[in-house]
Structure formats: structure tokens, C-alpha cells
């Protein structure tokens, strides 16, 4: 069982980072997949909050939309969307905000709005959703996204959601309550912000991936930490759980691509 | 006091050209039947407000009903883009749509402010985001006690809010449950409220602290079974994920979209008619 | 994560001299047992917050536990004055109590702001009232959009909130229903939360949108049947109106009050002990 | 059945003013008694809101506290106290705010805080409760209180809740959303604000009460309208309903005095 996809590696690596018992505000798509895999493997007591209102959702299949009925049925309680954003996120109750994005820069600022000029975009993306305030208020932010030169771009056309701004203590000086992005997991590697400069730095490389591939897939000269390790391969149990989850999801919804909300 | 009437009467009597209209429902209970009826009656110049435009506003925008949109996430959930929204914003078809983008937290707070009779909301948001640069209605104030910088946003105060709910009783009291989104706030922020419901019952069998809209805040209740389709109604039917997927192809192309609107909405009498024709076209597609 | 423990352990471990403490419950579910335990353990210098001080704070104030009070209506509901509160404010017995008066709307909004992680709340209030003249924490701001003048109040952020609820499950998830008051907001505004409950059950049988506090926002759950007495717990027991009346005579007089506190609280082990002695003194009174 | 108490006359006269179907925010004590009498007689569709959370309460006995269980049991829905004040009162959904007070001045400003200086009061009253914002935001305010020179005082030591301020258009100029006090019902008479000066003016005198008695019981030279009428006596049905309500209440709670919240 050493054969696995890069997506599977990414999802497993992201899931492993979620501490057991963490309260996790989950975006739809890759973050939701990773968070639910964590719940089914290493973090059985993780509390999943979706912006539509469910708190403590334990879905047996992955939600297709952010407000799937199963999220409500399996939740500890379902509150209104204003309450989710006011009492739970802004109230400081969220340990980890789990986000995806279309683009990220070297300080983990995120773009989900436009590629190109705002008024005449080359690509119009869905927009902000819950991300700006998740990025601001969650105690920590985890990011999961596939790596490419286009996605890892040091000159974002639009910053939708704040990362470490222009680095260093900028975020703290701006008065943002949360600590910001603490890890970025891609299909190639795991990055963390440098403790001083806050520049994203590769700390772990997935098996079979070279430094050159990572450099090639990054829109700026990506730095590597002093002690880069190899990401442990997905374990049999992790892969089986993830594949069973995907199979249940496909059976329930029909196969389709995921997208963030 | 809630008038129990047909959706046609409610839309014709209560929604006027130029109105600010919010049709809410967060994935769950999206009032698609009401959206169709607005298209059918050819309403124009609507200022639309909705957190997630979804298919309901993609249809209204493509059909030329809207001149502006205040929103916070404009995609087809789990599928991709809203092509009619993009075509209106990017190419001005069928005419230019002015957009005002916010975040979810902002919109949720703006509805709360509207429901609370306040002109604006305060939130901890937007710091480090470019959104305030492209939306000058997002501003910042200093806390009068701590000096902290906080964001503000203008309240949403629609002329009319439209929602779908599971049940109403014969007096027009409305009950909804499951994922509630911002529907209560959207309803209470508005001057008038239309509620389409799955069922009209003799008595709402609601727990003590259920989400209820009393009849005297509701202008009209319309009995429209399956009125949230292709969205879902908890306890009644599931989301039609297949249609959300199929919409991508329909909406990608102006001609396909126009033909779909003509056949399914303009050429049908009401939502029952839509459901019948929709079933036919589903069958054709799978044949 | 909620620790299921005795009320004695919870109060001793979680409430400290000098803390800002909110014990909430709007007529319903007032956490009287917890109030008693705070007196029993001789906590001092508490900054109390509560919309309606009620008997629970009259007792704490008279017993010398508090140095300040933020409140919005200070009476014995349906009976008259809170004599211990008045004696502390007017005559400084057992020592001076600093009071900060607000309105109910202000306090409710201040708890909402606290729960929402905001330093202050905005409300449409106080215009034409003298309260801002005697409470300089009430201020006014101009709406950044309309220029309207609106009141502001600082958020309530207690070190600890104490509430009583009907049920918790064995993990410490809490369910309450009926008149909810500001309990959820007070709990979420606080750094720590103690909940006394009527019953600990295997599984909360709660409707979808019930008022639930998940175990991870609760510091301690204590099983204290009848712990809201003489207030009531919907579905469990009714309000002891007779005791609210009887309190007037007890609290009117320093000696009577001191004797009552000594016998009923200081000389009893816990709330079960209180209930036993209380039953005895009720019998004496009617004999 | 021509024998009735002055309290009964007051309650009946106040109840009659409540329009059927009105949404009424009710204070405990006299306002609650009058509003429930209205509901049981002339205004069966009145919607009673109590600040503790019940909307559409239909109690069979008068509540002793603002949060009695029966209010919740008979309500159409029970919301939180913040929601009551935010969405329902401040949101402009209340037609009539029904208040009592310890003191009132000639422009119907209300005192429920202190008699005497604030820092060294002669009498300390319970304080504001919901009244300041009810007085500000309800579309109209009705006031019910027993009349005496001490209670009807033109120089209030403390204005807790706004009436017509110093008269005329002052209230409107101050930007208050509601129209303010529209009627004051006492055990002697009914007063309404003068349409221009907003000074309280007697418009109706209860049977058997003289103008002198009213003047004597008012702390300023009270004005009488051009056409003062006699308040119609309580009807048999009104008295029977009120007495049955009081008897049910006494049986349920034990007899005791009422107090405002």
C-alpha cells in the first residue's frame, strides 16, 4: 500500500497536524476532507464548526455544500450563521481555522477574489466567504492547497484574507487577535512561517518530491528550513479511512470536484 | 398580519421594480420557487442582497431582473463559477451589474444590524484585507473605550425579504429548523416578508425555543411544496446535487441559459409547472 | 473541557477573591446554590454583574462578598426592595458597594458584545435619560454612515459566569430551555463557566436548534438538584413565591439577615444541607 | 355591579386603550394586569411581549415575576433577552410600550431610580430595567400609575426614561424613534399630551372624581382639555373578567402586592 496520490499525501499530512480536541472552523472542500480524516483517525475529539451553523458536526460522508443536512443532523447543536461568526469565531472560541485558497504569497496572505485587476479580472473567483475573519480571529490558521507557480505567487492581485501581512510582527502590530497561518500543506511539502520573518519555509518534503520540484512550483525563491525532514508516508489505516470516506461520499453525492466556500 | 395566498399574488403585490430584495437560505431552504416567480413576472431593476448568490441569483441576474448585488461568496457550491453572475459583471450581459463585495461575517452582522434597527454593525474584521479598498461602504472606527480599530458595515434593510420554511400554521406563523443561516435576521431586517412553505399545518408542534416568525412580521405565506428545490428542506427532501452540477453547463452559455429560462420558467404557469417540465428535461438528459 | 465535580470544588477552584463574576438567570434558573457556596467559602472583593440582582446578590452583598455591582434593575420582583443591596449602597453595611447602573437593553447588549469578542456594544438608547450623567461608562457615538447619535456601553467580560441549567450529559454538554434570559451570552462572554444542573443524563434529547453549551466552553458541571430554588427550573419545579415574600422580612434587618445566613448557609455543609434546614425553618414559621 | 375600586377603574380604563392586534411590550405589575385584561376583553388579538423572552404570551393568571414559567408555556415563541431588546424592541416591532413608574413629570418623563439626590437618596427605587429603551423605541407608550402629588412631580430628581423631554418637538429633534407617551391612565383620570406643547392634559375624568381632587393630586397646575368627558364606568363583563383574573392569580401565587420590573 505504498501507492497513493499526491492529493492523498496532502490530505493525510494536513489531517495529522490537527491536534485532538481542537475546535476547528472548517472551509468546504480540501479543508473539510482533511479535518474529517483527522476526526476519523488521529483526532477523534476534534470539534468541527461549519459557517452555516453546525457545531460539533460528525458527518459520515463529506459535505458537498457548506450547509448539507447531515452536518446539522450529526452536530451537537445548530446555531444561526450570525451566531457562528459573532459568538464562536469572533468570540475567540476557534482554535484552528482551516482554509484553502486560489493564491497565497510568501507571508501566507490569501487571494480568493480575482486574478488580474479587480475591475477587469482575468479570472473572477468566488470571493471572500468566511475567510477574512477566520484568518483574523481563529487562534491559528492551517492552509491546504495544491502547489503551483500560479497559486504560490508573491505579488497577489488581491489580498482577500490576511496572513502575516508583510512579515515580522506586522500582524501583531495591526491588532489581529489570532496568530495567523501556522502551516501550509501542499501536494509537495509542508511549509511553516519562519519564527522571525514569518516567511513561508519548507519544513517537510513529501516522499519522492525533490527540492527542485518545490522551487519550480513556487512563484518566489522558496526557502528551506535548516532541518528539512521527509514527510512520513500515509499509513495504511490513514489511506483506508480516507478512501472509505471518499467512497461513501461518492456513493452519496455522485463523483464531482470540490470547491471552497 | 400574514396573508395566506398564492406565490403569484404575493410576488405581484409585494415585490416592485427597483426594490431592494433579499432572498436568503444558507444552502438549506433557498427560496427557488419565489426566484422563478420574480423572473416569470419580469421584475426589473432589483437591488439584490444575499450572502451566497447561488443558482437562485444566477437565474435572476441572467434573466435581467437585477441591477446590483451585495454578496459575500459568489460560487456554485461544490461545482465552480456562477456563469451568469460573471457574465453580467465582466461583460455586462444582459446588462451591467454593480457588485458590492463583503465577507460572510460582515453580511451576517449587517443583517443583525438591520433586524436590530441599527444603521450599522461593528465587527472585528477586514484588517489586512483589500476588500475595503474596493468597497467604500466598509469603514473603520475606534472603540470609544479601548481605542481598538474595528470595522463597520452598513445595515441591510431590504424592502422585502423572501425565505422558504418547512411549516406555517393557518394563521401564518412560520417555523423553520435545521440549518437556519441568516433567515430570521433577514426577515426581521425587512419592511415586508414573503415566506414559501412546504406545508401548512393546523398547529406548529414547535419546541419552546424554536425558530419561529410570528404571523404579524410576515406579509404573505405561500404554500409551495418542494419550493426550495434544487436546494433542500430538512425533513422533507434532499439537495438535488445533480442539478447543481447540470446548471454549470446550462449557465455557461447565453443561448442555453435563455432557452432553459424560457422553457422552464417563462413558459410554465407556476412552480408546479416548473417541476413537471423539469422532470421532463431531466428524463431527456438521461435518455 | 467540562469537569464534572462537586459545587464546592468548582467554586473553590474557579472563583477567586477579586474576580468579576456574573451569575445570570432571568427570574428562571437563577443559580442560588452557587451563590450560597460562594458565601460559604467566604469569597471577597467580587465585582458582581447581573441584570437583576435578585435575592442571590442581596445575599452575597449582605454577606460581604462584593465590592461593586453592575446591574439594571435592583428589586425583589413582585415584592419590593432588596434591603441588603440598599443598605450597602446607602449606609455602607457591611461595607461600601460601588454601583454602576445601566438599562436592561444596555446590559443585554453588553453581554452580547462580550460573547462576540467586541470591546463595546452600540444601542439605540438612553437619549433623554439621566443615567449617562451618573454612569460615565455610557457614551455616545455618531453612526459613520448616517450621522445618527447612538449609545455605547462597554462589553461585559466576566472572569467567571455561573448559571443553572436543566440538564447536562456525562461529557458536560449543557441544555437549557424555556426562558433563556442572557445565560448563553453571559457564559460565552466569560473566561470560565460553572454550570449547576438539575439532572445529569446519558444523552441530551435536544431539538435541532436548542440552547446548548458544548462541553468545551464549560469549565465545571455540578449536579445540584433544586439548585435554582427559590427561583424555578422549567420542567422540574416552580418558583417559591412564598420565599421571595419571606425574604423581605429577613433582609430588612441586619441581625435577622446575619442569623439567617449563619444558620442556612454558613452552618450547612452544602445545598442539600441548606434545603434541609430551610425546610425546618419553613415549618417553624408556619407553626 | 356599580361598585368597583379606583384600581379597577384605572385598570379597565387602561385596558380599553389597547388596540386589538397591537404588539405590546409589557412591564410587570399594573401594565401587565391591564394588558392581560385587554386581551381577555376588548383586544383578544393583542400580542404580549415580556422582556424575559416570551412573545405572544397568553397567561391564565397574572405573572408575579417578569419571567414566570406560564409566560413561556403560553407564548408563540420564547427568544433570548438580548433578542427581545435587539430584534423586537429596537427593531421597531413594538406598537405599544406599557409602563408604570414611581414618578412622572408634566411632559411624561419617568423616574424609577431615586427620590432625592442620586448619591444620597431619600428613597432608592429599583432602577431602569427595560423602561429607557421601551420609552424610546416603542411606537407609542402607555403609562399606568396611581395619582398623587408625590408621584406627579414636575421636578423629577432623576429622569430614568424619556417622555416628551421639555415638550413640543423636543423628542423628535432628539431623534427618538417612537412617538413617546400617548396616554397616562391613573386612578382618577386619563391624561394625554397636548398635541402642540406635549404637556399632559386631563381628557377624561373617572366617575365620581372631581377636578379639585385631580388638581390636589398633581404636583403642578394640571391642565384640563377643552372637552373633558367622563370615563365610562367599568362594565359588568370587564369587572367580572378582571376579578376572575385576580382570583385565579391569588389562588396560584398567594395574595401579594405587585411591583414593576
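Letters A, B, C and D mark the chains as written, and numbering starts fresh at 1 in each.
Note that a contact is a pair of C-beta atoms (placed from the backbone, for glycine too) under 8 Å apart; a residue touches a chain by one contact, two chains touch by 3 or more.
Predicted model only: the values in this text are computed from it and were never measured.
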item: Least hop count linking chain A to chain D through chains in contact; value: 2
item: Between A-C and A-B, the pair joined by more C-beta contacts; value: A-B
item: Distance from the mean Cα position of chain D to that of chain C, given in whole angstrom; value: 28
item: Whole-Å gap separating chain A and chain C, where each centre is the average of the chain's CA atoms; value: 41
item: Numbers and ranges of chain C residues touching at least 2 other chains; value: 112, 117-118, 123-124, 148, 178, 180, 184-185, 208-211, 234
item: Residues of chain A whose C-beta touches two or more other chains; value: 72, 78-79, 86, 90, 137, 177
item: Chain-level touch network, classified as line, ring, star, complete or other; value: other
item: Each pair of chains that touches, named by its two labels; value: A-B, A-C, B-C, B-D, C-D
item: Chain B-touching residues of chain C, taken from the complex the two chains share; value: 117-120, 122-124, 137, 139, 141, 143-146, 148, 150, 152, 154, 177-178, 180, 207-211, 234
item: Chain C contact footprint on chain A (complex, rising order); value: 21, 23, 47, 55-56, 72, 76-79, 86-87, 90-93, 137, 177
item: Footprint of chain A on chain C - complex, ascending; value: 1, 112, 115-118, 173, 184-185, 188, 206, 208-210, 212, 214, 216-217
item: Contact set on chain B toward chain A in their complex; value: 26-28, 51-52, 71-81, 86, 89-90, 101-105, 108-109, 111-112, 123-131, 134, 148-149, 178-182, 184-185, 211, 232, 234, 238-239, 241-242, 244-245
item: Residue numbers on chain D that touch chain C, as the complex places them; value: 28-29, 51-54, 64-69, 71-72, 78-82, 84-86, 89-90, 109, 113, 118, 120-121, 124, 126-133, 135-137, 158-163, 165, 171, 174-177, 253-254, 256-261
